[in-house]
Amino acid sequence: MRIHPRNNDEALFDLLSRSARHLVSACDVLEQIINADREERASLRETLHAEEHAADNSHHDFQRLINATFVTPLDREDLHLLGSTMDDCMDLVDEAGDCIVLYHVGVLPQACHELVDILKQCAELTSQAMPRLKSLKDMESYWVKINELENHGDQIYRAGIGRLFEEEMDPVSLIKRKEIIERMEAAIDAFESLANTVESIAVRES
Amino acid sequence: MRIHPRNNDEALFDLLSRSARHLVSACDVLEQIINADREERASLRETLHAEEHAADNSHHDFQRLINATFVTPLDREDLHLLGSTMDDCMDLVDEAGDCIVLYHVGVLPQACHELVDILKQCAELTSQAMPRLKSLKDMESYWVKINELENHGDQIYRAGIGRLFEEEMDPVSLIKRKEIIERMEAAIDAFESLANTVESIAVRES
Amino acid sequence: MRIHPRNNDEALFDLLSRSARHLVSACDVLEQIINADREERASLRETLHAEEHAADNSHHDFQRLINATFVTPLDREDLHLLGSTMDDCMDLVDEAGDCIVLYHVGVLPQACHELVDILKQCAELTSQAMPRLKSLKDMESYWVKINELENHGDQIYRAGIGRLFEEEMDPVSLIKRKEIIERMEAAIDAFESLANTVESIAVRES
């Protein structure tokens, strides 16, 4: 493969932006899964998997391109970390959706609706921030807002788990719903890790 | 910011020691939470959160100082790893305390009392070891003892989980107590990871 | 210690191969634990622990040798990552076995038999691939097959968890069996991480 440094720089940032857009789509599908009835959920899960699969391919292209690029626009390790942390976000969103379908739960706790709203905002902010990585300018509002969203998500998570233990008398239903809420909270945490990674790169490079 | 290499070196090691002292305080508060009744626990949780928050600030100062330091006293990556592993210890101690409060459990299993005792010893040993990082001298007893404590903690964990499945007939109580014991064990594991990190740095640099 | 670069290279690859052979043995013992009755399981767990302990020693030798080697045959960080990822595989196989013994379960779900079969194949492929690391040749079939096995394992895992929630009426039995299946799946995931690590090294170095 011939190496065109400038083109590769563009292509690397484009692939990060593309991964972020897959996250926006995936969080939208997760919301649809949460609002759907049991029958629709199975087919929506396929849509979510397709999104995850596309993001996976984009991540592999990204890794190959890092390896094929002699001088990378950011530290090689930083790029790898950005890619793999974004990959973690997608995996956790995908697993949350899977879990809902696999457990054949009916109506989901209110916390799930509130958490998917947080996830959608995280994905949207991430997708808006990625194109600014190139200049590393105006990034601070991104990680500040993600941290606020994560704090809010944490309160929803706690209240949701607390209510579950008070109201859900059937232990098997409790196990299922607890795990779904936990997986959604883990996905929000992954978005926070991504924002922290961006912060530490931006602080170091600026 | 003007860079004073020598002062920064001192300041970096001071921040690691400060984080370790926060861990000592946090494990003390966790012990108080375990011994308290349900009413007191909520306010003790605030104390624990304040400790975690202070440690978080100290961790951010530490990261900024690494980035602002041209020649660091240890490998930059090693310093980052030390900081983030200590941060993990704090997060897990904090989560264990949270879990106890959130689940509104009454009397806790004997294993919790034994595990918090292990955690307190881990934190104390860590706090004593951190000031010696500067010279990397006399560190071996630290990681050897932490590994012994982790092994002992593992035995307590196993026996505790085993007893729980034998004695606890209510599945919801079992879920709660199992998770509290698991989180305490995860916190001990984090102290072991920290000791392993210190060991690998000390072995490489000496 | 006197340093003999060439010998150290050989010794490093030998230690990786040795760790992989311990994984083969450990997966065999895990299969025996799954097929055994409760009485036999306790003593088989000791065999599994001995295997894990031997692998641990081999891992420490490996780390010390990396640190004692001036010019390593692969990137120092890559070698550390290979060693610690293989260590993760062993820990997760060991924990799966522990869990079965600790929870005093009787007959295990069909999924456990199928998952241990996947694990055995993963370990065998890993053990065959490690000696080829030296030349980084003919590695692709290794990570392709491991990824196929992981996909297959994932289907078994999902079907197994789904069936468990349909058929297991006792919540405590459900908790136990669910966690055993999850730990086996986590062990398969660790083999996939190892294969991904090998892939990214091979792609970069070739």
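Details
Here the chain labels run A, B and C in written order, and each chain numbers its own residues starting at 1.
Methods note: a contact is a pair of C-beta atoms (placed from the backbone, for glycine too) under 8 Å apart; a residue touches a chain by one contact, two chains touch by 3 or more.
All values reported here derive from a predicted model rather than from experimental measurement.
In this structure chain A contacts its sequence twin chain B using mostly different residue numbers, the overlap staying below half. Relative orientation of chain B with respect to chain C corresponds to a rotation of 120°, obtained by superposing CA atoms and rounded to a multiple of 5. Between chain A and chain B, the centres computed from C-alpha atoms are 28 Å apart.
Across the assembly, chain B contributes residues 171, 175 that each touch 2 or more other chains. Listed in rising order, the residues of chain C touching chain B in the complex are 63-64, 67, 98, 102-104, 171-172, 175-176. Across the complex, chain A meets chain B through its residues 158, 161-162, 165, 171, 174-175, 178, 200, 203-204.
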